[in-house]
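First chain A sits with chain B, and in the next complex the same chain sits with chain C.
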Partner chain A sequence: MAVARENAHPEGRSSSPFWTIARRDSLAGFLFIAPQLIGIIVFVLIPLGLVFWYSLHEWNVLANTFTYTGAQNYRMLMEDESLLDVLGATAIFSAGLVIFNLSLALLLAVLLNQKLAGIAIFRTLFFSPVVVSLVAWTIVWGFLLQKNGGINGMLLTFGIEGPNWLREETTAMISVIVVQVFKNVGLNMILFLAALQGVPKELYEAARIDGAPAFKQFRRITLPLISPTILLTSIITIVGSLQVFAQIAVLTQGGPGLSTTVLVYYLYQQAFQFHFFGYGSTLSILLFAIVAILTFAQWQMRKRIVFYES
Partner chain B sequence: MRADISPRAKVVLYGVMCVLLIPFVFPTWWMVTSSMKPISDIFAFPPQLVPQSYDWTTYSKVFELQPFVRQYWNSAYIAAVVTVGTMIISSMAGYAFARIRFPYANAIFMIVLLGLLIPSEVTIVPLFQMFLKAGMVNTHWPLILVPIFGAPSVFATFVMRQFFVTLPAELEEAARVDGLGRFKIFTRIALPLAKPALASVAIFTFLHSWNLFLEPIVFLSSAEMFTLPQALTQYTDAYGGPMWNIQLAAATLTALPVLIVFIIAQKQFVEGLAHTGLKG
Partner chain C sequence: MLYQRTLKSTACALAILGSLALGGTAQAQDAVNLRMTIWSANEAHLKLFNEIAAGFKKDHPNVSVTYESLPFETYTTALTTQIAGGNAPDMAWIFETSAYDFVKSGALYPLTDTLKAAEGYNLEEVGTGATERWTEDGKLYAYPFSTSPFAVFVNNDLIKAAGAKTPAEMIAAGEWTWDNAIETAAAVAKSGKGGLVVRDFNYQAWQYLTSVWNGWGASPWSEDGKTCTMADKPMADALTFIHDAVFTKKAIPGPGETVDFFAGNAAMTITQISRASLLPKEKAFSWDLVPLPKGSAGEYALIGQAGIGVMQSGKNAETAAEFVAYMTNPESSAKLSQFFPSARKSLLNADILKKTNPLLSQEQIEKVVISGIATGKVMPGHTGFAQIQQMVRSNLDAVWRPEADVPATLQKICGQIGPLLKR
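And now, the complex of A and B:
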């Protein structure tokens, strides 16, 4: 990736021969990026080194001991039976979230791309949960999903007795996914809408003259042309799904059982509720590895499934 | 997509969209209306879509049970400082990566992009220890410094870089001929042109800070230091169960101002986010 452009002039205008424009530009470049670079070193890279270092230690906060134990935390990771449930919940949550989010976002974008009067109002309303405070949104959904809450109240007026959504394993998982999707699907919807509007209209006209049905047009023209956006949104959404914490903490506290305990929530519990900082660090390394592998894998897939013009 | 839609198709489309809107719009309506109902009515059956009687004492309890004004101020000023700070840091870095030739620029850009791979959740344990050693636990510094300088700002830098790359080189060359230095070219020529990109950086940075939840509950321990998301969850009764009407009133007070600003400025909001060089 070429970062800098060719814009330094070879001949310096300055009176001092040392401070050529190229040298002054180098200095300016370093000064401009210094705050960000130092920030990344102090708040990202050093902590990443530390989290790996901590993960090799047993750390008892109450007794104030910090002992090197090598790979012991990693062996604990392999033998931790709860962790299997946690990874399972994380996988179901992330997969469910990404599939539901991307398909709904695409459906809404296709609807909003129609030439209809007042379409901008619909766009605004579909987008509005994005700007509603996350915890406020989660609290009102928690309220709606109570046993005697609004959703079951509506169902009961039609004679249907609803489940106790947040207290049963399957419905609890569905609930946290759905709450999260409606909160943020507007972002992906807007990105898809921009991509759809970039598809040349002539292509559809040509396809219509050839008699291609609407579904085929969508599959053969729309999907390939917006595939870069699909890839980008799926990376953002997957990485984002691995960071979901507030919704779980407010709605289910990881329950019932471990059914909605995703990795971030488990990490938080181990480190900050049970004060196992060493093991919490090992879980952080695991989270980092998952994020890195998923991002890398999707980036590789780009070559096979993403269509680029040119 | 197609120019001509039959009237019948239009009715179907409007119908589908109205049904799809329910889960997007109804929760906000339910939050606002339920917060006005007396406690006896909020779980009433059949559900009252419009309140049948009003109880405004709930709203005064929001302020009695917690230092809510203080907490509101905490969230607002932290979000403001983080937003302005991120705009400065990321526009400078984004500009340099896009337009200035300096040694190791590519390598440094790759290092900065690592921040996208390492969300703050991964480093929360060492960050807590670092701020503990610095005596900054139960202060707002972690909520200000980490977003401005750490991983969350990397995305902003990326967006700014993608924007500055598209500026024509002639603009800067003309400024050079006029004798402007780098810093002046940046502040007088590049930045004014970058308003749309800066606006979208401002929007998502503000929302990110406003919604932070894990960081406040890890770093803050006293009620007068809390931010809004954390405070909302603290309206609980003696058994730890939520006091629904008070939570909903506090949630309404938290959500409505931002929602109103959004509805007024929604064009800039939505279009700004769509045109951030994010189109892949």
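And now, the complex of A and C:
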């Protein structure tokens, strides 16, 4: 009997309760991340799955038809003549934005990383556009950039006849980039400022004793030590640049021609203006793939370009 | 024993609750809430619509109508998004440009039977010209409640100050042509104010240029909508004329320039007569309203339309159709015509229009409104208009520069939109 009971309850199991410390800990862990996890499942993973599902269909909203078409939308993607122009505009916009944004943010951070009276006012000044409503900011810039708008009026006082900023292909792209950079440069500036203030002062002191000039100090000490922040800001900025929409919608509507039609705006046009929800979903999958590849590539590059003190 | 009693009382309570709930459901089923999407948020418009809804409620006490104003610029996008999200309105205003998309898709509930059955409706008095775009296989899918002619508003003060001839003088002398209109506009532009503004065009919504190029007999595509005619001579001539007026004569404000006629900053503007409400009450100027000038193809008129349709997918499509019948019957149409001119023949007379459009003179009503509605062509539209519009817009950008090659650009446009038109 005693043997049978031992067989029925192998040693160690019968005596220990179900809720072991390890199980309780993992339950607590899951409960802690549950709100975030549910959010990601409901608002990211399920919609992502649905978008992929839609991309395999032709969905006519008005006629209320939803027909499975397999890879037809993906074939259309390959044959879309406008897509090359759109990807080109997206690449120019993203590259311009990232380079201009990061350099300006770093320059401002270096300039504002001084112990001077009233420096906080300047920091606030450069950060303030970040908290301004994006659409309001863009609308005001739209007025300023008109042919007879504020900027050309100002240039005229110096005897310069300004271009028609939003109607020429080159200046339209530059305008959209500059408006976006001025809006968000404050955020990167603050991140750089925090990173700069984390660089140990002794390193500069040692470099000075060794006779290193200021530029060399910046290249050999500052840049390596703030490289984790450079990686972070570049990932945030690149991903953000691929999602830009409001500025294009308000300032140029993708024109002149297709010169400022970036991928997100093109996707919006296809899905919501032309009612091609299936093809719009295919473009979203393309955008998702581009963002994922770029983020992965940057993450991989961190081993080469990012210096970790530890 | 106690157990049985508890069971009985619970069953009893459930039965009472159940019957109450069923009664509630029955009542809720009787009450019908209809929702109509519109692109106007104008208080006077909404007041009138609410009055009409209240009038309908007298005979249909269980029906309530609410109006949802969506922004004009993104109206169709917002509407289709609602439909895609399974939250389609019961009724919707529809632009003339997207009429074909809605009418041909099967998204709308056929209205003919309901309208014909409505007492005193008299659908026959609405001309076929007005209903053509909204009809498919002999059935009317949306009612064109607004048929508003395009005309030229004139600021006589600016024109006289520039020493040019006013349109009224030119009409009297039989000289009201596009060449002369542009000459007057150029004279005012030289004085530092704006010349002639084609309102809502903004070098984006090119369809508004129809008010000009129809004077040359031009059209973006053939009558059946299958062939691109943008590269044909009338269109090339008309666009070359407009290009010359913009970049050589400076008579039309150029791309990126904003000039508001109603703020007193331009000599003339082409727009629909319903915009008369924008004329300033303070700092008023001497204004006039005249028909569109004569082009090389002679006299012409253009009308803009807006339709009301009932969504097929709505739960109360039949009731919604009855409401549309009430909203557009002769009595309601007469009220609506102060903002939205009706295509009903019985309402197209100067006496009635004078009452509802107090700002316009008898002559303006006769020469512009009545004649415009009677003879005007409707703005161009096509199935898949948004995509065609965008393709033409992005290519026309090449025309809106001083050194443009107009005929070559138009050839390119036809090459691109040709396949879309045939679809």
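Note that the second predicted complex is superposed on the first by the 278 of 310 C-alpha atoms of A that agree within 3 Å, B and C clash if a C-alpha of one lies under 4 Å from a C-alpha of the other, contacts with A are read in each partner's own complex, and residues count from 1 in each chain.
By definition in this document, contacts are C-beta pairs under 8 Å (C-beta built on N, C-alpha and C of every residue); 3 or more make two chains touch, one makes a residue touch a chain.
Quantities reported herein were computed from a predicted structural model and do not represent experimental measurements.
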First (chain B), second (chain C), both or neither touched by A:Q253: second
Touching partner for A:Q300 - first (chain B), second (chain C), both, neither: neither
Chain B versus chain C, judged by how many residues of chain A each one touches: B
Chain B versus chain C as contact partner of A:V264, first or second or both or neither: first
Partner chain(s) touched by A:F277 [first = chain B, second = chain C, both, neither]: both
Chain B versus chain C as contact partner of A:Y54, first or second or both or neither: first
Partner chain in contact with A:N148 - chain B first, chain C second, else both or neither: both
Contacts on chain A seen with chain B and repeated with chain C across the two complexes: 146, 148-149, 272, 277
For the chain B and chain A complex, residues of the former touching the latter: 1-3, 5, 10, 13-14, 16-17, 20-21, 23-25, 27-28, 30-31, 34, 42-43, 45-47, 89-90, 92-93, 95-103, 105-106, 108-109, 111-112, 114-119, 121-130, 145-146, 148-151, 153-154, 157, 161, 165, 169, 172-173, 176, 181-183, 186, 207, 210-211, 213-214, 217-218, 228-230, 232-233, 242, 244, 247-248, 251-252, 254-255, 258-259, 262-263, 266, 269-270, 273-275, 278-280
Contact set on chain A toward chain C in their complex: 59-64, 146-149, 164-167, 253-258, 261, 269, 272-275, 277
Contacting residues of chain C [partner chain A, same complex]: 76-77, 80-81, 83-84, 101-102, 105-107, 203-204, 254-258, 312-313, 384, 386-387, 390, 393-395, 397-398, 400-401
Residue ranges of chain A touching chain B (in the complex, touch as defined): 1-9, 22, 24-30, 32-33, 35-40, 42-48, 50-51, 54, 108, 110-111, 113-116, 122-137, 139-144, 146, 148-150, 153-154, 156-157, 178, 182, 186-187, 190-191, 193-196, 198, 201, 204, 228-229, 231-232, 239, 242-243, 245-246, 249-250, 264, 267-268, 271-272, 277, 280-281, 284-285, 287-288, 291-292, 295
